[in-house]
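Attaching a single structure in structure tokens format; questions to follow.
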Amino acid sequence: MNQNNIFELLQKHPIIPVVTIHDLNEIDPLISGLIGKNIFCIEVTLRTSVAFEAIRLIKQKYGEQISVGVGTIVKIEQINKVTELGVDFIVCPGINESLAKPLMDSGIPFIPGVCTPSEIILGMQFGWKTFKFFPANLFGGLPALKTYGQVFPDIRFCPTGGITENSFQDFLALDNVVSVGGSWMVTK
Amino acid sequence: MNQNNIFELLQKHPIIPVVTIHDLNEIDPLISGLIGKNIFCIEVTLRTSVAFEAIRLIKQKYGEQISVGVGTIVKIEQINKVTELGVDFIVCPGINESLAKPLMDSGIPFIPGVCTPSEIILGMQFGWKTFKFFPANLFGGLPALKTYGQVFPDIRFCPTGGITENSFQDFLALDNVVSVGGSWMVTK
Amino acid sequence: MNQNNIFELLQKHPIIPVVTIHDLNEIDPLISGLIGKNIFCIEVTLRTSVAFEAIRLIKQKYGEQISVGVGTIVKIEQINKVTELGVDFIVCPGINESLAKPLMDSGIPFIPGVCTPSEIILGMQFGWKTFKFFPANLFGGLPALKTYGQVFPDIRFCPTGGITENSFQDFLALDNVVSVGGSWMVTK
């Protein structure tokens, strides 16, 4: 498969918590909180200096229960590094031609971000069918996904960005939405 | 001309009905409905299995009266196929570098979709001056077209997406709008 | 530096007036108006036939006091021309791979426009860190900049488009906004 089975992975996880970890001590309560909500997946962003160490720890301690992904991937070097770490999936905020081959060659399921029809078409040309729609709330939200469902009927999305406890089910109800990403379930 | 005279074609057709045909029996009432409204143009989307057959039939039966275009073109193979069908114009939901040469070589007038200034600039570099602005209602609508009119004064647009019976004239009133696309005239 | 020190230049000029000059006689009152407001910078758009002559005149007469930039750059030929003119900075409405090398080779500070995460990532791959966010008001405004601040913490923006006397300070208050562009200070 061209995206190393990202669709199959997302199908198991309708909710993708996007988490920024500032301190390794946050990990245990965080993971037990997610498991308590029947969420067995986490996307750790690369926005902090402890991100890589946090991913390693989560994999080590909870890797049998939880799918551990990494977010905010924008450079080839990062793809190599997270491949060594053995992450379960990779999330990119955007789509980029020069990242296409390294992502496919990594063997790791990955999902690139798109906003516009042209960005979707670029991904389709690599044979990809599953995209992060990001930032979902700022680039058309639900109506955009409905439009893309008509124009690109084979394409599935994981909308992320501004989705809340009150709105995530409206997104999941769409035929072309496989999962939703967000932080509403870990804040507070 | 770099876009095989798409501008001249659109100039004759201020309203471009975007139609998805599910059953070939829809064709006759559909076309007579359009002609009754003085609309002599149709864009058939490739969203159904009968789309190609529908295009062939409309060309055969109404080709002298109606300009028959095809929408949702995103792959080179599709360009080859619709070239054989002899469609009068091609509509792409987005813009893509690898489709540029096949579109120009087809000899068929074509209009690629754009959302952002960067996407417009990409098209300008191929010498193109006429774009579908899509999805118009979700990427800035009328104010975006006004902004693009100032920044790209030579560029003309066919906005499509969310345009209704109540709003299409506001779009057509802009200097940089040559036509508008939509389905409001065929629904209900 | 990969963008020829655009960030350092923008840091000195929190407000970038975007001006279209129709008549060379507008120049003197325009510049004295800006200086009267403690603004020592101007971006002249290429939207009129006198634009190049206006830039030459402003450079000649006020070049010691005012940083003179040029906007609306979309073609390689324009980069060559404004390099000869000795402009202080270059503004592009979008980002484009084929303009990257000519812009870097010009030796002139430059800022390309972006809307989507994919467009930001493209620029990051050239080593760029400062972007025009345009049209700011139509592609997510303040919330988009906040989101981009989280996802791309090293990136700085100059939002432009629909910013007014009432809103520009809200944009400047963001950590990832270095300057704002607009015309509110020269209209009326």
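Labels for the chains are A, B and C, by order of writing; each one numbers its residues from 1.
We adopt the following convention: contacts are C-beta pairs under 8 Å (C-beta built on N, C-alpha and C of every residue); 3 or more make two chains touch, one makes a residue touch a chain.
Here the structure is a predicted model, which means the values were calculated and not measured.
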item: Copies chain A and chain B touch via same or different residues, half shared test; value: different
item: Angular offset of chain A relative to chain C [C-alpha, multiple of 5 degrees]; value: 120
item: Length of the line joining the C-alpha centres of chain A and chain B, rounded to whole Å; value: 34
item: Sites on chain A at which at least two other chains make contact; value: 115-116, 119, 139
item: Contacting residues of chain B [partner chain C, same complex]; value: 115-122, 124-125, 139-140, 143-144, 147, 150-153
item: Sites on chain C touched by chain B in the complex; value: 20, 45, 47, 72, 74-75, 92-96, 98, 113-116, 119, 134-135, 137-139, 161-162
